[in-house]
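So that you can tell them apart, the chains are marked A, B, C, D, E, F and G in the order they are listed, and the count of residues begins at 1 in each.
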Amino acid sequence: MATKTALKPLGDRVVVQRIEEQATTKGGILLPDTAKEKPQKGKVIAVGSGRVLDNGTKVPLEVKEGDTVVFAKYGGTEIEIDGEEYIILSERDLLAVI
Amino acid sequence: MATKTALKPLGDRVVVQRIEEQATTKGGILLPDTAKEKPQKGKVIAVGSGRVLDNGTKVPLEVKEGDTVVFAKYGGTEIEIDGEEYIILSERDLLAVI
Amino acid sequence: MATKTALKPLGDRVVVQRIEEQATTKGGILLPDTAKEKPQKGKVIAVGSGRVLDNGTKVPLEVKEGDTVVFAKYGGTEIEIDGEEYIILSERDLLAVI
Amino acid sequence: MATKTALKPLGDRVVVQRIEEQATTKGGILLPDTAKEKPQKGKVIAVGSGRVLDNGTKVPLEVKEGDTVVFAKYGGTEIEIDGEEYIILSERDLLAVI
Amino acid sequence: MATKTALKPLGDRVVVQRIEEQATTKGGILLPDTAKEKPQKGKVIAVGSGRVLDNGTKVPLEVKEGDTVVFAKYGGTEIEIDGEEYIILSERDLLAVI
Amino acid sequence: MATKTALKPLGDRVVVQRIEEQATTKGGILLPDTAKEKPQKGKVIAVGSGRVLDNGTKVPLEVKEGDTVVFAKYGGTEIEIDGEEYIILSERDLLAVI
Amino acid sequence: MATKTALKPLGDRVVVQRIEEQATTKGGILLPDTAKEKPQKGKVIAVGSGRVLDNGTKVPLEVKEGDTVVFAKYGGTEIEIDGEEYIILSERDLLAVI
């Protein structure tokens, strides 16, 4: 469901689009909507050019477009562009790649 | 609607002018004014000369005059000059370029 | 009880899986469930590529996959992947290896 | 209305004197005093010798005596010298030059 | 009363075991248990490999196994291993060696 | 009214003695004591040897014994030595020299 | 009244013993005990080996054993060793030498 976007993140930021998870329990039973927790996974849509260190070097991001990432629940800023919702996060709010 | 300004931002700051968005829903229906969220987009009107690193190097900004940017909702200082409203932001409060 | 995971932690982060401790007192008597404190031990499932210093050097983590670690009680972010629960922690939240 | 002062600011500080703005609306109507917001503009009266970086270099200020500046509303320390009111601000509290 | 432990502290951390002090007043009278203050002294059981500086150098700890140390009352994390209680502290929470 | 003192400030600290200002209004009328604001001016009595930068260099203070300085109202620690009151301040709490 | 101690402070810390001041007013009248403010002066009993800078250099302390120092009222940790009370302070909590 991830889409192209015109958003070009700045610095160490990435644009992520939430992945809606299929709500099933361990045993495979589908849960009604209210029992789902808000997901913390997303698809990387775009990445910034990197973080500038104190010595002037620019460190490129560890993630790239298309990666599926886990991110901190309360990090980032939500934005809607052309009817699509995105989250802009700092790379430090990304925890892992799946 | 962006205008020239006499404001010359200092350091890593930029002067931005809010872009009033056309309030339409995904399906294209125009929303009355109270349903609109305050926009987080703006046009860069002027940029500072850059941030000085601890090693003395000056890093020029990633954005330039004329860029359309997304910025953090609560960042920046609002100022009115000659009847026009501007926001002065640090580059770190800019999230992405559209 | 530790399992393989598709989670690849970023930067100085590690993926840890809690170790359920056998609840016995010093004298060896089994305690009922409510008397147990939430454990602070886990198995390292995956480690990030390291922390980037201000001089650009990347410092590899001190722990490796398979290590049993003690971690700060309130550190980290919990995540469930394929019905398994993991904690993603920064290396600084790891206190010791057992 | 800016005046000479004996104040020599230290480090990265500047001495600024508030500019009382003519209170007119966009349409040119004069507003009574209570409708005016406290101005955030001032004239630079004196500047410090600069900020010392961690590598020992001293960075001179970007602003100079006589500049008209916009500054953060709650920054700075007010002081009265010889019946004139001044504000002493760090350069980081200056946002832009007009 | 200090014992060997399998705990290997990470980074600049140390494993300490509290020293129960003989509760006597200045004049040598034994105090009942409730009059004792929680001690701030302990025996160093194990030390980490050191702290990594921003320039990449690793600084070994000033304390070593067997040292008796004074530590800040509220620092550290308590952990029980094999029925023994330990405190894992950062070296900066150690104040002095006795 | 400034006096010699045996206080030798450490690091980037200075010893300052408050200057009691003549309480007159702009028009020269003497104000009773309760109308006076606590002054923020003082005479530098002694200065420390300077601040050590992260690169090991010691930066001498910008102010010297005998300077009249303006300092932040809530900075510093008050101390009485031989019946005289002093304030010990970090150089960063000094705003300007008069 | 200062005594030798077995306490060897770590890093940039110092061991200080409070100096009980003779409570006299400016005019020389002895004050009863309740009118005394808790003193902020002490004798340096022992000093640590110094602070390690980010570049790896160790900076020795400015104070030495035997110095009389003024220290910040709320800094430090109090400890009783062999019936004597000491305060362990970071060098940054020492304000001046008398």
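What we mean here is this: a residue touches a chain if its C-beta (ideal position, glycine included) is under 8 Å from a C-beta of that chain, and two chains touch if they have at least 3 such contacts.
Please read all numbers here as calculations on a predicted model, not as lab measurements.
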| item | value |
| --- | --- |
| Subunit B-subunit E separation of Cα centroids, rounded to whole Å | 52 |
| Interchain centroid distance [CA atoms averaged], subunit A/subunit C, Å | 23 |
| Of all residues in subunit A, the ones touching two or more other chains | 54-55 |
| Topology of the chain contact graph, where touching chains are joined (line, ring, star, complete, other) | ring |
| Sequence of chains encountered when the ring is traversed from subunit A in the direction of subunit C | A, C, E, G, F, D, B |
| Of all residues in subunit G, those that touch subunit E in their complex | 6-11, 13, 15, 46, 49, 52, 54-56, 77, 79, 81, 83, 88 |
| Complex interface listing, subunit B residues touching subunit A | 26, 40, 53-55, 57, 59, 62-63, 69-70, 72-73, 91-92, 94-98 |
